[in-house]
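Lettered A, B, C and D in written order, each chain numbered from 1.
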Amino acid sequence: MATQTSLTTIVRSTEIDVNAHVNNAKYLEYLEWGREHWYEQLGLDYTTLKQMDIVTVVAHISIDYRKEAVQNDELTVLTRLKRIGNTSFTMLQTIENQRGELVVEADVVMVTVSPTTHENVPVPGAIRQHL
Amino acid sequence: MATQTSLTTIVRSTEIDVNAHVNNAKYLEYLEWGREHWYEQLGLDYTTLKQMDIVTVVAHISIDYRKEAVQNDELTVLTRLKRIGNTSFTMLQTIENQRGELVVEADVVMVTVSPTTHENVPVPGAIRQHL
Amino acid sequence: MATQTSLTTIVRSTEIDVNAHVNNAKYLEYLEWGREHWYEQLGLDYTTLKQMDIVTVVAHISIDYRKEAVQNDELTVLTRLKRIGNTSFTMLQTIENQRGELVVEADVVMVTVSPTTHENVPVPGAIRQHL
Amino acid sequence: MATQTSLTTIVRSTEIDVNAHVNNAKYLEYLEWGREHWYEQLGLDYTTLKQMDIVTVVAHISIDYRKEAVQNDELTVLTRLKRIGNTSFTMLQTIENQRGELVVEADVVMVTVSPTTHENVPVPGAIRQHL
């Protein structure tokens, strides 16, 4: 089973919009925080990947908004690998609130690129093993 | 042919991230600015829709990241209707840079809801006619 | 002694700028989170004040930037009353990092306004007692 | 008389908060955009200063909030030098709306630092001449 990481965050006053709920764009920040956490928990932080001549770049996001979130909600971002291709991989991320309700659900496709050659490169075994 | 609106914005210093390019989440803000502009150009601003007892809510976004954008880039957000269902409609939005290159491309599904009953309601003719 | 509240937050990836540290503007968001927390802890949340026909509005901020903060830093926002005038009050806020180092220090002047008359009104006793 | 630069920006939907006006923190972003523009107009962009072994860092901001700004307001950020010290300089920045009303007024103290030695260095003549 794919390794899943969990990150909790509280919705703050400057994270809600004029409609008093979290804006659709803000959730993509929460999802990025969850992916950063996943990389760090798995020992695959930015510096480590860079030493392998790899950076990961977001190529596609598909996100469903299920339920609104409001100030002081406690949101949990769950992140795990869903699929691995040759030079890309897909993460499945969900955000739940403090009542366990699904707030958003997203597929995020990342591509692995060499910062030296700017070419796509195979997803490294260090990532692949977490599927 | 569907009415298309165009909004131009300059990438500012606080809109780029540690990688010196526009972050994946920020594009969703640009897309929202484009949709707000579309509503306003078509005489369907928030207040007008509210008087029809309608609010539009983002239900799904599918976005492809094609090319990075950097500080001072001039981005053009193009917005038009793509599909209309019973109680939802899909907007096709693209962002191009000053060289005419495609930066992102997105489908945004909106649902029409009554703020009074909190129930889904049919997409009004005022929106439907712009397909 | 003035009641002091404490709020902790972790610096996330989308909160740092191209220089890899927290941007000068972002600290004002952290300070606002600290003030919201202060109001809530003291039973003076937005709704309670509104029922007293009072809203508080930021009139002036003076902030010193002492030390940079980077991703994953654990910041503590400390908030307390410093001075109370007739229709305004000043909060002293500091942000420290996980090593107890001072990151920023700010004076924030708030004015008390009636949402009904839009006139300045005296700072209520409910706030005054916390000095 | 000090060289003054002017930058115009439109308030967008994701730049207003739950109170339907521009949040106190957002103005610091607008001010930064104005300073970046000032540097660029005067041929003192980041790269040019870096080649002189100089970076400028925000040390202090004192800001007065005079009038609220709302969605679609057209704001003009005016930026000019106010004072120059040995290793620091102060910029006077104001933001006006489309009716010429003063929205915010701020003093921003910048220090000049060598990215090589991390020591404060004298403000270069290239900046000094614009007072």
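FYI, contacts are C-beta pairs under 8 Å (C-beta built on N, C-alpha and C of every residue); 3 or more make two chains touch, one makes a residue touch a chain.
Fair warning: this is a prediction, and the values are worked out from it, not measured in the lab.
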| item | value |
| --- | --- |
| Distance-maximising chain from chain C - centres being C-alpha averages | B |
| Chain pair with more C-beta contacts, C-D versus B-C | C-D |
| Whole-Å gap separating chain B and chain C, where each centre is the average of the chain's CA atoms | 34 |
| Length of the line joining the C-alpha centres of chain C and chain D, rounded to whole Å | 23 |
| Multi-chain contact sites of chain A, meaning residues that touch two or more partners | 13-14, 23, 25, 29, 32, 71 |
| Chain C residues within the chain A interface of the complex | 9, 12-14, 29, 32-33, 36, 40, 71-72 |
| Partner chain A, residues of chain B touching it in the complex | 23-26, 28-29, 32, 57-65 |
| Complex contacts: residues of chain A adjacent to chain D | 13-14, 16-18, 20, 23, 25, 71 |
